[in-house]
Amino acid sequence: MTPNTPGKTPGRLYRLWDSDLFYAFRTAPVAIVATLVALTIIACAVLAPWLAPMNPYNPGGLNLMNGFTPPMEPNAFTGETFLMGADNQGRDMLSTIMYGTRTSLFVGAMAVLFAMTLGISIGLYAGWRGGWVDGALMRVADVQLAFPAILIALLIFGIARGFIPDNMRDQLAIWVLIVAIGLSDWVQFARVVRGATMVEKNKEYVQAARVIGAHPAKIMFRHILPNVMGPVLVIATISLALAIIAEATLSFLGVGVPPTQPSLGTLIRIGQGFLISGEWWILLFPSLTLLALALSVNLLGDWLRDALNPRLR
Amino acid sequence: MAEPLLKIEGLTRRFDVSKPWLNRVIERDEKQFLTANADVSFEIAKGETFALVGESGSGKSTIAKMVVGLLPPSAGTITFAGQKIDTGAGIPRSLRRRFQMIFQDPFASLNPRWRVGEIIAEPIRTFGLMNPTDARNEAARLLEVVGLSAGDVNKFPHEFSGGQRQRIAIARALSSKPEFIVCDEPTSALDVSVQAQILNLMRDLQDEFGLTYLLISHDLSVVRHMSTRIGVLYLGRLVEVAQGKRLFSEPQHPYTRMLLDAVPDLALSGRRRHAVEGEIPNPISPPPGCAFHPRCPLVHDRCKREVPQPRPTPIGQAACHALDRLAPAA
Amino acid sequence: ETVRWARVADALTLDPHSQNEGPTLALLRHVYGTLVSRAVDGSLTPDLATSWEIHPEDPTIWVLHLREGVTFHDGSAFTAEDVVFSYERVLHESSGFRAIHADVVGAEAVDEYTVHVQMSGPSPLYPNNLTNFFIVDKTWAEANDVVAPQNYAAGEENFAVRNTNGTGPYQLVSRDPEVRTVLSVFDGYYGDAPQVTEVIYQPIAEAATRIAALLSGEVDFVQDVPVQDIARLEQTDGIAITTGPENRNIFFAYNATSPTLRSTNVADNPFSHPEIREAMALALDRDAIRQVVMRGQSQPSAAPLPPFVNGWTEEMNAYGAPDYERAAELVRSVYPDGFSVQLDCPNDRYLNDEAICQATVGMLGRIGINVSLNSQTRSLHFPLIENLETDFYLLGWGVPTFDSAYVFNFLVHTREGSYGAYNGGQYSNPEVDAMIEEIATMTDLDERNATIARIWDRVMEDRVFLNVHNQLLAYAVREGINIDVHPENSPTLWTVTID
Amino acid sequence: MADPLLSVRDLVVEFPTRRGTLRALDRVSFDIMPGEVLGMVGESGAGKSITGAAIIGLIEPPGRIAGGEIRLKGERIDTLRPEALRRIRGKRIGMVFQDPLTSLNPLYTVAQQLIETIRTHIDCSEAEARKRAVALLDRVGIPAAARRIDDYPHHFSGGMRQRVVIALALCAEPELVIADEPTTALDVSVQSQIIEVLKDICAERGAAVMLITHDMGVIAETADRVAVLYAGRVAEIGPVREVITEALHPYTRGLMGSIPTLTQESDRLVQIPGAMPRLNAIPQGCAFNPRCDRAFAPCFTDRPELLALAGGRQVACWLHDTAKAQEVPHG
Amino acid sequence: MIAFIIRRLLQSVIVMIAVAAVSFTLFRFVGDPINSMVGQETSIADRQALRDSLGLNDPIVLQFGRFLGNALQGEFGISYRLQMPVTELILQRLPATVELALVSGLLAFVLGLSLGVYTALRRRGVLSNIIMTASLIGVSLPTFLIGVLLIWVFAVELRWLPSNGRGEVVALGDCWSTGLLTHSGRLALILPAITLGLYQMTLIMRLVRAEMLEVLRADYIKFARARGLSARAVNFGHALKNTLVPVITITGLQLGSIIAFAIITETVFNWPGVGALFINSVRFVDVPVMAAYLMMIALIFVVINLIVDLLYYAVDPRLRVDRAGKAH
């Protein structure tokens, strides 16, 4: 027998550190830099209420006269100076970007979570049941695909506006956005999970569980799900970047978060109007932030895809 | 023979492999069925090792799956310990515990995301046999029973070699204290030296716990080594059932002879083997009459028309029209 | 000379009596003549009608004397028959201009060049309504089966939607809706020969793209210049900017009459308190909006009507500097904890509409009014006003008749019948209503003006509106093109001179 | 004795990994004579396939040949440039893989794949190549070859596909065929047919065969000589009959005992304890020492070299080193 | 095969009906078309009358039925906004969009394929890594921003390329107009095509690379090498061809989404296609145009799907026999 040394089982953390995935990570400069960038941005966003110089979401705290203050230059009327300048409403760009990233990340993460939950549930169920249930669910996915993402989001936005009483639209806009982006994104999760489930369910460990009469729900969620999470994670990462950008695009088309609580995308949409007029900082800084965030998340997803693919090691 | 532990009568399984409805309508096709098993009957006594051999696609695994309740039979009955299993409703919980199964692929049969301890204790938990702490201890104990160390409960399957995994799978199968274990090609994915270990282990465990095995294999030498009785399958039908070693010395059915002939001989007896003619026919449209007749050296007209029924032979029973004309085995 | 002209949207149709809508009118004006036109300063000038007067015997009849020697683009002569026909057409059920001529009973050709227009009552200001009334050739319309303006419900296409026959300075060469419309000068035009001989009209919806097209030299004349780009364009070599006031004021209105509001967090209606309305007036920093949001491109004003319009006074226009402390105190006096309310705002209708609302939200926030902003596209915004589903909203109002009555009819009068269509705040004052109905038929202009002043007094006193400013229009052109800003944002290219 | 067709000397193949370099082959030496069938057996992971891949230069990077030499008819081929090596592949050395299901490109007909291969190595016209291809298919036992040649691989059954694969490996008449578990994926009854075809056709053309398998039975029936690999090292080489009946290396002996046969009578199988070590944990000295019941001092310190013994046998075991064997505590 | 096509067609019909239902429900909520149809002077009574005459006050089911009935005959009514028959309007705009979509699709496909193959073959190369990273920039910024930036750089600052429109177009027959035949038309196509194709290119490139890496590890590639085939034959004859099978599906579907994504590009570049038409229609609540557009997108998707499936048939011989039933 292989010599066994009980008691010397290394700790979880060490095992994680020592795992192949982590090793691959440690030796991939791109992945490290991407993680650092993403983490920094995420940290700034999450901690915005504590880190940001001002709260741009509180309209009462704004001074319109600060509008269009260039970076690092005192405003002609108020004398205030902003590191990244101020936007058209007199909001400090730095703070607004931090808060905006927070909103964008929230929308993106929730949308992906929503898409993931929906996609995984449907994919697991379709893959497990097979037969006509599977066929029907996949046709639904087809219909969904007939509407490209932005159209779906536009539609849902339109429909939701009809259902939600107007005095709640403000608060609910974000949730509508989340549902809209999420709904346009679930198909790929469902397809991947379905495919993987169909492979996994014929594996012998699942049959072993069935022989002892384990409940199908338990088999799906405890046995199969953990084994299909790899590709799901990859898609989730890349979807996060896509969702953040989709949010920006929707806001360009005029359906997005309220401008009093701008997201990164709304900021870019607004800033885009000042490209020619010369107030470059209103466009540049949010765009750079979005670029850095989306790029690093994308790079991470990319790296993860390769790293999780055993055939590419 | 005493009351058999497992009794199988007329077991048949068909798979619907028809094209979709629309295609059938347009192409005027009939529904198509693949008969994986047809009218299979045998009994297994307590403490016995009953083996099923046959080429790929002969329906070995399908029988195994029906026995453990993974597949409902299309016809036929399964009686376990005198209790007839209602195949529609699935196996009752009280019986289910008494069955277990060991699979072929030690890499696929353990969930890679679970710790070995959890894997082994899963049957215990599912049947609610013990509290979690005891279950963990039991898992550690079982690991030692199958020749691994108790400390391995916290490891993941990928930290083990194929042979070790198969031991873990055996430990899992033992954990609900079953009487009957179906082993579907338990060693065909293993190296010979490891195969010997596992086969020896299976024997030891059988002696220790009084287990009954249904052993499935396509390796005739393994089957010969392990089993007390052997059933030979061809295209879903049981062509011959015989006492263990005697099948090899006095094979009755021409197919059995052919199979034995095809086995490469390590003993270098110098016997010149006859390469078998032809391949297994498509199970969707098997030849009429005796399914073996296109490859059979003893074929005559009757074989092409009539499905042979099992007839007693000196060593068990066989289904062949030509039994009388068979020369004694060389 | 060719002028390539870009603006945000295309004319919706070429049918002259179908769509009463800015860009449509602006384009059609180049092709179809009107009886009366409006000069850049807002005054009325003769056009196809050389003069007009109230019938000496019957105050309900307007007499129009037509210009002689005018021909349509197809060569047929312009006569009183065409005017009468055009009246029939514009009064047709499917016309988009019916409301403007609501008081007209019918028109009659007295001789070849004189038309009598029978009004339902005395209508002293009616000629103001003629500036967007395009004259169509009767024979052409009959020949092409376009006697009536297009009717959607019928689901048929109308010849006039894509073909024209007017008396205007340009005739249609080609049209690809929303892509490009080409006009070339009409040799038989009765006025001075225009310097611009060809007009290529291109709608470009995106502001940045529109300006980019000008900067890259792909167009010569851009309307709807975003205010923030004016400074840059002014500094750019080869590009000139003209600005001028538009006949349109931008204001907030609120529901001060209902007992409760749908979007507030307090039990009663905050706007029903005069203190609150005063506080809001005190909090609105019009100069800051002008300075930052409008980049100087607005005329801040407290008067809820544009300065061109009859009834406007310097006094109404005056506004003070914001006083946040006093305003906050006023709010506190009613609601110690402040209150919240929703502001509905269009985001694609007026110059920087959303930004104005946003800025206002900030200002009101400073005095304890917590405003949530619901800004959306116009097709969602305007139904709110029409269906009385808003508590507090932004609206812009142009006054094509240049008379206060127009404002009163739509915005001040209690909503009933054809009155008060845009009175989304549900202001209702029987006294005022009576006066409004009175001025419709008054012939004595002095007395009429006095009544108008009285109405305005009440409206200002009740703070029915919280006016922000009048929009300034900016046109950007290739240097050398001299164009005047038209108060109705309806540039006339045939008056353009080129250096 | 004639010159060997293939001669492998001290072949070392390494895979650099994060946890150090793995030696998949450690100084492997053997010869193949012209026309000979050399069986290569060993447990999974012993390095059989790697040996085959190394010979035709198809080790996947980052794996590499880190030492030793491979000579084909005396000419070194392990140092050839990729292009020169490519010309040898298929032309002078043919290869048959285990799984006929996946070895053929599903998008091309059998004819296309055969003709492509023939024309790569032999200068001939398309029609000529086709004729050869049909003849070859016929030879490997595909009925109605001329008609079936234009079928796609999925039209063939497993056994037929493996025949096609063999035809592909043989179509440029190579001097050596490396068959890597050519029958493992097939049914017992088909296995013997395939082995038969392979053996006959090679004998016919005088091609040598290196038959990689872990099925001792196949070796016993087919091979002239057999090489036993253990943990990347050659444990024993010898004529097949001798190695099976009187193995010299304890590992070989254990291996033979652990295989159930159709004639064996004992109740229990001989069991070698433990498993083959992983490549990153090969013990010092003899790689087999932890499992060997006859291990003695030198086994734990020094690696035994391949010893040439009488009768063309070679073994790497200290028990057979006369000098060291003195120390064995016989018992 | 026939059964397969019939099944596909049936599914397509269901998809189309579903799309029709979804898009129809939507119209109740995008706003009120009346406001953009009449001037501010129109009285409320007149507005109601117009609503009545357009049937907007009818029960929704009735409206849907009417809509479906008309749609079946290719009849989508008159645009509320532009007062032209919708079908004609869309047909007039379609060439612009199709041309843009095809050019950018082609660009994306050709570039994506070659870069994907390159990066797969030189997986660890420096240039490959640079390409992989750089391509991500294209998907890390919203399309509209990329478009605006391109305009700014190439039209405003450098003045190399036009900022908007289609340039000169030439009519080909009655129903097609092309910008490809004129110099200005080709110039005008460059920026929008890049903007639109960038995202798809990245996608295709990544897909090709992933599939190619997968295929390169397949046994038949190993066997092809072992047969001594040249690197060219192995990489392109075998690996690439097998890569194309899955790539075709995704690429086909992408073409559908290119047309939909054109909404943004067309808006930014003032490209006179159906996407810009749609966005303007949304703003004006031009229900007939919106409905027709959505149906058109669904139809295109369905047709592309069908073509892709047939292509699949052509490329993969395994599907030609009796596997027809297993769609997807």
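The chains carry the letters A, B, C, D and E, assigned in the order they are written, with residues numbered from 1 in each.
In this section, a residue touches a chain if its C-beta (ideal position, glycine included) is under 8 Å from a C-beta of that chain, and two chains touch if they have at least 3 such contacts.
Owing to the predicted nature of the structure, the values given are computational and were not obtained by experimental measurement.
For the criterion of most C-beta pairs in contact, the winning chain pair is C-E. Ranked by how far their CA centres sit from the centre of subunit D, the chains are topped by C. Measuring from the averaged C-alpha position of subunit C to that of subunit E gives a distance of 39 Å. Put simply, the C-alpha centre of subunit A and that of subunit B have 50 angstrom between them. Note on chain placement: the centre of subunit A and the centre of subunit E lie 24 Å apart, centres being C-alpha means. The mean-CA centres of subunit C and subunit D are about 91 angstrom from one another, to the nearest whole unit.
Chain contacts: subunit D has residues 273, 275 touching two or more partner chains. The set of subunit C residues touching two or more other chains comprises 208, 212, 215, 348, 377, 380.
Residue positions of subunit B with contacts to 2 or more other chains are 161, 164. Remark: subunit E residues 30-33, 35-47, 50, 53-55, 75, 77-78, 80-85, 88-89, 92, 148, 151-152, 155-156, 159, 162-166, 267-270, 272, 276-277, 279-280, 282-285 touch subunit C in the complex. Interface residues of subunit E facing subunit B in the complex, by the touch rule stated above, are 2-4, 6-7, 322, 324-325. Interface residues of subunit D, counted against subunit B in their complex, comprise 43-44, 157, 159-160, 187-193, 196, 214-218, 220-221, 241, 244-245, 254-264, 267-273, 275-276, 278. Against subunit E, in their complex, subunit A makes its touches with residues 30, 138-139, 142-143, 145-151, 154-155, 158-163, 241-242, 245, 248-249, 252-253, 265, 268-269, 272, 275-276, 287, 290-291, 294-295, 298-299, 302, 305, 311-312.
Considering their complex, residues 56, 58, 82, 86-91, 94-95, 97, 99, 102-109, 116-117, 120-121, 152, 154-155, 165, 168-169, 172 of subunit D touch subunit E.
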